[in-house]
Amino acid sequence: MSIENKNFRPKIVAFCCNWCSYAGADLAGSSRLSYPADVKVIRVPCSCRVNPMFILRAFEKGADGVIMCGCHPGDCHYSTGNYYARRRMTLLFSMLDYIGVENGRTRVEWVSAAEGVKFSDTMNSFVEKIYSLGENVRLGDLRCRS
Amino acid sequence: MSAKKKQAELIEEISGVNPLKCMKCGKCSASCPSYNEMDIKPHQFVSYVINEDVESLVNSASLWKCLSCFACVERCPRDVKPGKLIDAARQMVVRQKEQTYLSPDEIPELLDPELPQQLLVSAFRRYRR
Amino acid sequence: MQRIGVFVCHCGSNIAATVDVAKVAEMALMEPGVVHAEDYQYMCSEAGQAKIADAIHEKKLSGIVVCSCSPRMHEATFRKAAERAGLNPYMVEIANIREHCSWIHKDMEEATKKAVILMRAAVAKVNLNTPLQPGESRVTKRALIIGGGIAGIQTALDIADAGYEVDIVEKTPSIGGRMSQLDKTFPTLDCSACILTPKMVEASAHEKINIYTYSEVENVSGFVGDFTVDIRKKARSVDMDKCTGCGVCQEKCPSKKAPSEFNRGLNNRSAIYTPFAQAIPNVPVIDREACIKFKTGKCGICSKVCQAGAIDYEQKDEIITEKYGAIVVATGFDTINLEKYDEYAYSQSKDVITSLELERVMNAAGPTHGHLERLSDGKAPKEMVFIQCVGSRCADDRGKPYCSKICCMYTAKHAMLIRDKYPDVNVTVFYIDVRTPGKNFDEFYRRAVEQYGVNYIKGQVGKVIPQPNGKLLVQGSDLLDNRQILKEADMVVLATAIEPNPDVRKIATMLTASIDTNNFLTEAHAKLRPVESPTAGIFLSGVCQGPKDIPETVAQAGAAAVKAIGLLAKDKLLTNPCTAHSDELLCNGCSTCENVCPYGAITYEDKEVNDHGIREVRRLAVVNSALCQGCGACTVACPSGAMDLQGFSNRQIIAEVDAICR
Amino acid sequence: MQELINRAKELLNDGTVARVLGWKAGDLPYNPEPAFFESAESLKDFVYNGFCGANLSKYMIEASKLEGKTLVCLKPCDTYSFNQLIKEHRVDREKAYIIGVGCKGKLDIEKIRNQGVKGIESIEGAEIGDGADELKIQTIYGEKTVAYADAMLERCHVCKGKEHKIYDEEIFESKETKDGERFDEVSRIEKMSPAEKFAFFQKELSKCIRCNACRNVCPACSCRKCVFDSNKFDSSQKANVDSFEEKMFHIIRAFHVAGRCTDCGECSRVCPQGIPLHLFNRKFIKDIDELYGEYQAGDDTDSKAPLTNYTFEDAEPSIVGKRG
Amino acid sequence: MKYSYYPGCTLRTKAKDLDDYARASAKALGFELEEIEDWQCCGGVYPLGTDEIATKLSCVRALNAAKEKEQELVTVCSACHHVMKRVNDDMKNVEDICTRANNYMELDEPYKGETNVLHFLEVLRDKVGFDELKKKVVNPLTGKKIGAYYGCLLLRPGKVLNFDNPENPKIMEDFIRAIGAEPVIYPYRNECCGGYISLKEKEMAENMCDKITESAEGFGADMLITACPLCMYNLNKSSRREIPVVYFTEILAEALGVKEVQA
């Protein structure tokens, strides 16, 4: 297993909504709160723009973890977007868990524009989790041709 | 977890009440027909649970004065239901052996020929294990 | 294939100290579509922007990636720079290598690697960018105000003073709203009518304001800047032009048994009536349910006594269709129904009344002509008890979970007025908390206690017990003295919770304005956009948005007016081009997208399509780009992938994902 | 069955309907297939028996575009699909004359074969009028009997009920066939370790030949053009079979129909490889029931679907890890 | 119409009147009360801890017996009615209690709160109808001023019992009107009589009962009716006033002209 692989550097995709979480990530940056460079942020207008296909796509292309951040429920810039996102992600994550993909590889966190600390803490803990899980070998091909 | 905390959690579990919902309006105490007989008043029940002092609650006279008439339960605007808390406290007492408010010896003198079964049964449920 | 230029900013040493910017530029040249790459000290400076413009011209660039600070910082700057150089601004993407890279990483090699990946993702996205044009839509320079209370009147006056036409639609026969029912107002105790009536007159006399009373909004279509509204003018049975407002008809009307809405049903009115003496317009309406002529065909007295010949039994409802650029909702509130609070004996005793009823009792034009007396027997009370928070702050479905906000202050007002006018009447207030934030508010409440001797008891009342002798026994708590109180009272006044006018749900549906679980209209942003609905062009004024007192209502009414004026002042609206767009050939017409759109921007139309030679009429989703705000909820809900978001398309995001995971 | 044919003839003759959508006998006793009948005479081939498992709702999408009404035979479970299609504006209620046909459980030829019955010549006991207790099968090796329940499709063991959710008239009695719990199998998998789960699905899904039978039969998969066939989600040309959609096919498909799938079980019925595809859909249904309140797609035509709805207090996605 | 009938222990002994008159009236009104076999005492009070199961089982048995007969379950005693409805509510809505109770019961088919529990008064209101009852009255109690005494157990908790408005009930008043008498509405009609407290704290119960009877008399009541043997006992025993208290079934039987027949 790659857990022992010292050279393992995970690929981690973070979807951040433009209004809260992306701004929270910016704040983490301007506050110089570091987190591992393995995390790469993709900006979306709202967490409800994140299609489960994007997440599956990331895993298929070799991502080891995918995290989605949005405004706290109740604070969505578009009022209701994150409520839909919450249901979609809950069901998707549950399905991934069901087919045996380690639950730790997916996460949703609500990060406001003021929560730079939370953003950095979240990314640190998520990356740590992915390191502990090692390389993603299960979700490359769901049809599971070996 | 401390024993006190455990007791407080137990009482919340038995009663199904979340004492933190209370806004201290006092409508329970305003509704209680046994208010004047009670040492700890209905609106104070929640504080004893929150402060993890279930012992005082369990040893209070109020325990045996509450009629379970549900006036406080019906009217509580916060869905706290202090009557359920006191019921739960009473349960904690009667579930411990020997901890009963009514001993078999005192029953005969309390009886009167017209007394309905219902009274005895319900008193037993409340007073004894 | 795009021709992409990549510009890597040093940001002084902010980026360059941790990221090898030259290396990023060098790597960029290896990306597909990239024909130009350079790095520079400060890309956002004039010189930096000039470099971008030069490259656009020289290398005929079709797309730009700037590797710099956050797009939230300078995306607009670079887009404008590109636009000046003749490139569509939406062909510019930013790779955030400062906040998301150089500032949080220390190791140069690692940071450079990440910066390269972020650059690649941006390049991959730009490769799929298409030029976007903001749309334009026209603005009808006319505002509609729904509700003619103080909120609606104030908003109308402010908009009209700015020079725009305003229509007020009011459901009842007169404007004035709840405020016209109040006797005195806190914290100054001036008479409500004295400050409201001049505003009503001003509104009715204003050349830019047109008032439809006894009218309701029936249908709304269109969108920001261009709403079309149907207004139902209910048959008044009185000709507005002929009526002189002499009032003889009301005097002579033989049917005088209809409960007076204005006096909260505490007394009766005639079938032909104006709600109150200062009503505007001063033209009565016939309540057809109470009118003998309408019920039996006989009578017609009002018609006989009307010298102006204004009575018209044949009048019909009329539908007026009008266009508006902005709509302000000012539908106000009512008190909740008390049937679930029978422990307070409201339905059992006439002497238990709501605070709003007390306003009418205290008012000179009210059912008791302003004398404080019991409604059961007309006797003057000696003991009055006020109960606070009746139905407010309630966790179950009997009442409302929120604080009604105005009760603490009006109760202090009532208590003070009674103690002032009837010093021999004792006043007791049972309260849970006294909440008086506001200028001069706590001072006001303290005056009630200290100067007027109002007896405040902390504790709720459990039950009001009518006594055989006609008195009311109030059983309450005194939490501070830890005792249960039994107090005999002559009258009990309930500070009844307020709720949004029940009609607001219907109106919100027509406007596609969102509404919360308590039926209050939702604001676009709780903190930063408190007078706008998330639906563009809809503004909120007064209690329809949340409990508030008169000064707050007037302030918000003004704010709503300013927002509406800001919209009406524009000749055209530029719309955000990053909106959803449906591919007609893929659309199933299933309505899923419509169900998640918070703006009502998606409608369905039957359209003819040519699907690879097959011509047929299909039910298709159509996005109104003037309404769409670009959240993308619909794009994920769409099962066939027909719905996509411009500027953040599925393929663009997937290209970013691929670039990052490469 | 004759009763149904007679009624269909009546409706054709009096012009109420222009055609009949039902099942036509196949070349074998156990493979009837969906068919349109345009005339009274053509109804001679009409069959309705235990092997008429096919859900005809989806055919009504095309039939809704035709002139005149179509008589469609719907079993109780099919009516859910029809309702769902109405909700999604994919079929026109006015264009359908629905005969709710009774159902005594539908049969799975594989289950019969698995009991060692080979060389089938004829089958007795599968008619709707029969008691549905036992099948008498004439084979080239002689007569065999199989208990009806042992030959039933999986979905009939967890039947949603005998009620037609929508119909113009009803014909034939239905029989209660439910003898299992719908979510038992899902629960069993949920209890496995991640490695076991993965092994289970790897084994099942590796059988997939991407024939699209599941997608083609699914009434929820009614898109004019499937995302798997469009280039909306892929930046590259998708020539090779290892494309993204290819690899994630079943999970994406399940997600696309989540909240819309009525659990009609057609996907599993038609899979030539016998993959229990319903286990994906049912997992979503189970989660939706547990997290957002019980919801049965197709129960009605106007309720809000779980994925286009929300409450402020919805569970957070982290619940997935906490549930264990 | 046939209902399953759960009399409860008090009705077997001290409150025989309540039971006998109920049966006789039912017969006169054309419905039958079929007593459940081998019923056991409901316990008199709803089990106080939400975690108690064993104490709820006697009710579940009775409820299930009614379910098996596909009948609704009728009670007359306020206390049985109270306990029965609340246990049934648990079985219907509290999954944990339902599962655990069924684990004890070992029924062929688990009981999930399917039975509808009715108080005799609800049968009169919702099944027979007070208008219909009025037609069957042969001895209208004209001129009688009767106060209804509800007590707690019939009404609260309102959401579970769903019997009547707990703060301003009217079912008994409507009943009184139906049998030709005049109802007296007085505010203490839903206040507690002291309940079981009269066993040990006589004085408390006395104070409470006095308030009730004083209020009722103050508003002009000649007599009180109740559905609860314990209320009956307390009001008779603990109140220092003389106002007569009878079971509602007794005046019902009287109005229907079947009082003497059965007695």
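For reference, chains read A, B, C, D and E in written order, and residue numbers begin at 1 within each chain.
Here, contacts are C-beta pairs under 8 Å (C-beta built on N, C-alpha and C of every residue); 3 or more make two chains touch, one makes a residue touch a chain.
These numbers were taken from a predicted model, which means no experiment stands behind them.
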item: Shared interface partners, meaning chains that touch chain C and chain E; value: B
item: Common touching chains of chain C and chain A; value: D
item: More contacts between chains, B-C or A-D; value: A-D
item: Chain whose mean Cα position lies farthest from chain A; value: E
item: Closest chain to global C-alpha mean, per-chain Cα centroids; value: C
item: Chain of greatest Cα-centre distance to chain C; value: E
item: Inter-chain centre distance, chain C versus chain D - centres from mean C-alpha coordinates, in Å; value: 46
item: Where chain D and chain E are represented by their mean Cα positions, the distance between them in whole Å; value: 51
item: Separation of mean Cα positions, chain E and chain B [Å, integer]; value: 24
item: Overlap residues in chain B, where contacts from two or more other chains coincide; value: 71
item: Sites on chain A at which at least two other chains make contact; value: 51-53, 57, 61, 80, 84, 88
item: Per-residue overlap in chain C, given as positions that touch at least 2 other chains; value: 343, 463, 596, 637, 650, 654, 658
item: Pairs of chains found to touch, sorted by chain label; value: A-C, A-D, B-C, B-E, C-D, C-E
item: Chain B-touching residues of chain E, taken from the complex the two chains share; value: 8-10, 13-15, 41, 43-45, 47-52, 55, 77, 79, 152, 155-158, 166-167, 191-192, 194-201, 204, 208, 228-230, 232-233, 236-237
item: Touching residues on chain D, where the partner in the complex is chain A; value: 186, 189-190, 192, 194-202, 205-206, 208, 210, 227, 233, 242, 244, 246-252, 254-255, 258, 280, 283-284, 287-288, 291-292, 306-312, 314-321
item: Complex contact set, residues of chain C against chain A; value: 70-73, 96, 98-101, 103-107, 110-111, 113-114, 117-118, 121, 514, 522, 524-526, 534, 578, 596, 598, 629-633, 635-637, 645, 648, 650, 653-654, 656-658, 660-662
item: Chain C-facing residues of chain B, complex; value: 21, 23-32, 35-36, 41, 43, 71, 75, 77-79
item: Chain C residues touching chain B - in the complex, by the definition given at the top; value: 343, 389, 393-396, 398-399, 432, 458-463, 475-479, 482, 484-485
